[in-house]
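Letters A, B, C, D and E mark the chains as written, and numbering starts fresh at 1 in each.
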Amino acid sequence: MSVILTVEGLTAGYGRVTVLHDLSMEAGRFGNVGLFGPNGHGKSTLLRTVSGLLKAKSGSITFDGEDITRESPRAIVGRGLIHVPQGNRLFPDLSIADCMSLGAFSPRARPHEAENREKVVKIFPKLAERWRQRVRTLSGGERQMVSIATALMSHPRLLILDEPTLGLAPKIKDELCASVQEISKGGVPLIVVEQDIEFLLELCPQLYLVNHGTVETEIKPGQSIEHSEIMSMYFGH
Amino acid sequence: MALLEVEDVSKAFGSLKAVDGVSFKVEAGEIFGVAGPNGSGKSTLFNVITGIPFGPDRGRVKLGGVEIQGKSGNEIARLGLARTFQRETSFDGLTVFENALMGAGYGKPGRAESEVRERAAEALEFVGLTSVGFGRLAGELSVFDRKCLMLATAIAMEPRVLLLDEPASSLTKPEIETSIGLIRRTAERGITIVLIEHVLTFLMSLSQHLMVLNQGRVLAAGEPKTVIADERVVEAYLGTRRPAA
Amino acid sequence: DVVKIGLLAPLTGPAAADGQEYQRGAQMAIDEMNAAGGVGGHTFELVTGDVKDMSSGNVTSAVERLIGDPDVHFMLTGYASLTNFEIDNMAEAEMPYMLAATSQQTRDIIAPEPDKYNCCWSWTPSFDAYNTDVTSFVEKLAADGKVTLPNKKVAIVSSDNAYSKTISEGMKKTFTEKGWTITVDEIVPFGEVTDWRSILAKVRADVPDVVINTDYLPGNSASFLNQFLEQPTKSLVFLQYAPSVPEFIQLTKEKSNGVIYNLLGGPLVSPKNPRAEEVGNKFKEKYGVESGTYGVALYEIMNVYFDALKKVGDPSDHAAIMKALGETDKQTVAGRLKFDPATHLAMQGEDYIPITFFQIWDGERTLISPEKYATGEFKLQPWMQ
Amino acid sequence: MGAFAEIMFGGLFQGSLYAMMAVGLALVWTTIGVFNFAHGVFMMLGAYVAWQFVSLGLPIAVALPVAVVVMAGVGWILQASVVRPLIGRPNIVLVVVITTLAAGSLIENGVLTLWGPRSKQLPSLLEGNTVIGGVGVSLHQIAIIIITPLILAALWAFLNHTRLGLALRAVAQNEDASQLVGLNVTALYGLAFAIAASLAGLAGIFMGGYRFMTPVMGSDPLLKALIVVVFGGISSISGPIFAAYLIGFFEAACSYYFGLYWTPALLFAVLILMLMVRPEGIFANQSRGLA
Amino acid sequence: MTSLPSPVIGAPGRPSWKSEAVGVALAFLLMALLPLVFGDTYTRHILIMVFIYAIVASNWDLSLGYGGVFNFGHLALFSIGVYAYGLLTKAAGVDPWVSLVASGVIATVAAVLVTIPILRLKGIYIILVTFGFAQLVMQVILSQSDVTGGTQGMVRIPGLYLFDHNMIRDGKIGYFYIALALLFLSTVFLRVIVRSRTGASIVALRDNEEYAISRGISLARQRIITLAASAFFTGIAGAFYAAYQRNASIDVFGMSLATIILSMVLLGGTSTIYGAIVASFVLTIFSEAMADFGPWRPIITAVLIIVVMLAYPSGLSGMIRSIWNALAGRLKRPDAALAGKTEERTAA
């Protein structure tokens, strides 16, 4: 497998507050990448910068060999880098069906719309039952499914999931885990931020511990790691 | 007599029966867990019990033997039934202390102003928000602090029953540990707790009774260990991911 | 030295078109006078106070600003407020003031204590003639055999504003007294009315001899006429005030043929009163548009002041100026201007300011009554033939 | 029969006008979630721009589309200057109220200085009168009654059955999510305002054809549009359209049976009563949810 | 309102009430000295208008800014004050001062009445009802033309009196101080409310209605308190306006007055009370300074408003805060600017 995303010396933040300090990482070499670490230490900020929602102050982001540091989110989506943001806010007044069509908005995704929709329905059959329901009235977990489903409609080449299991029931988590695995096996690598370490370990051979806005530890495949070690990493800071 | 009794409560949205004839009882002092697949009606159940934003279509809810369904949300709250919301919410334009004052001042009738302030401060200390600073605007807090603040406003009401909707979602492991301790101590204050949670370790380590909903109906209820061993629960809710009990 | 003249005018908002006309009329008089060397060494400068939406706060602001200027020795307006309450401010400040506003309110303020209000004189005569003279005008037409009144029925439409309502109430009273039946008595809310159909339907349901609309807004009046003409009845149509506004003809074009309206204090364009035409022409020459009622009125009011100043000599002797204003007796565009000491309104009547009836034909306004000044004869309205 | 025809015609005409006045305001409200208080001024400006072209010698059939296009540009500019920079700031709804009010006042008084306060009139879309079902009507009004539903239907189809329309509905609900599915947020905001301003301009041209134009002619229609939009509810563009015709027919019937004078009071009384019965708005099919 | 438990919160994170009281006292003292500087009645009149606008605008801020209630009927409360005073003094012959207070009470009652239909309503639907309320009030006043004068309005309304002092020929000094005193009382009243627990509960309802209800706050009760409290001084301001102008006409229902006052609330920055007052000064004085500009006056004013709002969406109060912070930051610590950011959010 080859590297699809490289982040080098990235510094970013909100206004005068810098959240990310000289952060470097890469994704794709060993398959999926997992990010973890305490709350509020910059994981989401990293993802937002990668997908162009936030402008980097310095450093570079390379996707598929091309520099995307200064590109607009639209251009980045057009390249197939798809980001599911944290907190499933989505489009509260649109129906699930509408969200799916929006997911396929970019010209890249449009030809695959029908095929992707089938895929999505297979992964989340529950959504098909509620095709016309407004997102606003969905339960928390259902909304999470719609978020991920919308991203899948965008025909991703790299899929970034920010806390995808938030509020999901255990069984759905399982199914989600299985289906994302399937997606990644289908050639779409993932970057996943997750608090549920079991989930992360199951999915990602390569892990980064993000702390204080920078990568503190990288865990490569083969470096088997104990659950308790991770816990101590959390508590250590 | 049970402190909170829910009898045959239902709520439908159009043709969708979100809650469909649910009954259960919660004894004073216990922690009562509620689980179930996404969209099984857990949050809706909380909604109809508390009357926020709507009451049940039918069925009865009794708090300490008194029927409360049909009363308005703030009345029910003042009778001693507090709740938190699935998303962390706060009064963003108010300071941390003022947030707590809302619970302390309006959640329990007949308090003197000095007592209100004491209660508010005490509740904030209890959840450990002293370090954050009472003067900070709630809108600026981190996720975990907001969750704590939401809990503090509820505790400041000194409710008889507290309904917690997914207090652990989006928390890190250490934060979950902290939360577990916090909820235990809340129960020790004599507040009866009903708890919705998907984080199973959290749910299992806290609840004395567990009820699992599915498609708006009670799928199983009873001793937590027995409930999660129930085939139907595994099938509908747990899948392969049983907690390391 | 320069004497400042304070003008109250709405320069922005819905009444801005009238406000602009005040300004033009007054300015024309001042320019003329300054060119002629002024009065006793005094030249003049117009300062305008914008009364904006004519709410009392804004009117008072404008009034105070002008009164506060020690060089302002005379103030004038067309209309500045809905109630003419500023008369009180003028009285308190002892500021000579002339206005051409609805006379009803002016009288209500001044008549109880005319001595207290020596400051203020109204170009507009009493509106009583509006209330009574349409009836006599129509009956005279019938008596002269120019129209037939088969059923003596009248439809009266009014708008909910002080001017229209007072007049329509008065008309209703007069018509009833003279034995007419009022078939339609409708009042519409003040402001724009797009659809007159429901009212016209009632008019058509019981065809009256006369149809009257006292809504003075030109837009409303024009759309009333247009919608009436979509399916006209054989009734004499009388519209209050609006047809006197220059745009009315431009905008209704040939549809305005035959329309009748009357005016008090409007230009009395007649060979018997050459001044009206002279001033009207001057205005048109200077500004490229025809003047409505207010342009020439304000021009005349300025001249009334100049006359008073000539008599008194000292512009800062306000008391003397006021007295001189009150003693005015001169021929103006509207007729002979002389004030009634009991109400401070201009006197009304054939020998003073007459109520004039006009009919529009081919874009021209023909004065058809009173006979003393008439330049043409009433002709049957096209839809009545 | 006469009454029926009168009310039908009056209702259709008023309803069409209200729908035209309101639909642009509704579009901006349902998509971007702000009230554009310059909407009435857009109507006025549209009429004046058309008038300018007509007085340069263009026939109304040409001046109309040209003015509509100009208005689209005006809408875009207004959006870019006083709305877009505020998106995402706290209190946006109220802040946009003030900036659009100010922009409206600017345009209104600009027109006043440019074209003067005196009334003007546009030529009718179609000259002449006719009698239908015993009711005399002008062809201009017939044209409005026919054109309006066509435009509304086109707009409705655009919003509900095209992907761009969907994007337009989505964009303000969540800016981040919009960007993450590849929408061009800035362009969509501009598009919403451009369409709204064109529609307002068209409404203004309709009005200018049967009544006088003055620089303040937009203020009453703005209020009417506001009432229609609020009454119609926030869920979609179709709510305000139904509301417009409903109010149009209500007014026509009311003014026939109770007189024009009491119509506004009755209308408000009925609106308030209806809201007390259905607090979610009349056409809103949206139930409350806990977010 | 008697059961209103309103001890001022000495809340952490808010400026101390002592410093605020000192600031308010100083500001009003300064204003009280203005007539010494400005002897002419024109300036005094403008200041009186500023005070009236400031009262109406700052009270509107209570319902609109703090309460988040889209109350488009606020000017109707003012108009009710105008007509209540006119009718009480002129038609019923009640003493002007008694009428002044009674007008406030009547406006308060009206506010409570209009609150009832909006108790179940959310967001923009409130616009419709409150706006309709204003229209209905106007319709009632118009239809009772025998007493209200209808569209002709009422003139020769009795003014206020101060012992034997001649209010008419005193260079407006009497009305100036009465207006200032009313503004002072209104400001203190509003600030005490918004700093009290009641005020916090009003904000809580605005920020998250369902959460607030779940903490025992009664939407109905607090909303009635909000509107009633914002009505009292608004009604009094209306009565004072009528007394000062000695006339009442329906122009008070016009859109332009409502627009001006709304501009003051929003330009000043909502949820501050002071912002609306500052904006009343700025807008009125600015507009008068350009009185000779005709249509250019509103154009320039509009540009000013837009520029301020684009630079500081929290309005003049936000602008003043950041200027203050910048100055203070220069003098004190370099990180003061950051602290300023936090405070600015308070205003929002």
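Keep this in mind: contacts are C-beta pairs under 8 Å (C-beta built on N, C-alpha and C of every residue); 3 or more make two chains touch, one makes a residue touch a chain.
Just so we're on the same page, UniProt names per chain: A, B = ABC transporter ATP-binding protein; D, E = Branched-chain amino acid ABC transporter permease.
In this text, all values refer to a predicted model and were calculated from it rather than measured experimentally.
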{"item": "Reaching chain E from chain D through chains that touch each other, fewest steps", "value": "1"}
{"item": "Taking each chain's C-alpha mean as its centre, the one farthest from chain B", "value": "C"}
{"item": "Computed distance of Cα centres, chain E from chain C, in Å", "value": "39"}
{"item": "Cα-centroid distance, chain C relative to chain D, in whole angstrom", "value": "36"}
{"item": "CA centroid of chain B to CA centroid of chain C, Å", "value": "74"}
{"item": "Whole-Å gap between the CA centroids of chain A and chain E", "value": "50"}
{"item": "Chain E, residues touching no fewer than two other chains", "value": "210, 294-295, 298, 345, 348"}
{"item": "Junction residues of chain A - those touching two or more other chains", "value": "137"}
{"item": "Shared-contact residues (touching 2 or more other chains) in chain B", "value": "13, 43, 53, 85-87"}
{"item": "List of chain A residues in touch with chain B within their complex", "value": "37-40, 86, 126, 137-142, 144-145, 163, 166-175, 195, 197-198, 231, 234-235"}
{"item": "Of chain B, residues touching chain E in the complex", "value": "50, 52-53, 72-74, 77-78, 82-83, 85, 89-99, 101-103, 105-109, 113, 116, 133-137, 139-140, 150, 153-154, 157"}
{"item": "Contact set on chain B toward chain A in their complex", "value": "13, 35-40, 43, 86-87, 142-144, 166, 169-175, 198, 200, 236-241"}
{"item": "Chain D residues touching chain E - in the complex, by the definition given at the top", "value": "81-82, 85-86, 89-92, 94-95, 97-99, 101-103, 105-106, 108-110, 112-113, 219, 223, 226-227, 230-231, 234, 264-265, 268-269, 271-272, 275-276, 279, 281, 290"}
{"item": "Chain C contact footprint on chain D (complex, rising order)", "value": "2-3, 6, 9-10, 13-14, 17, 109, 112, 116-121, 129, 131, 135-138, 210-212, 214-217, 220, 252, 255-256, 259-261, 263-264"}
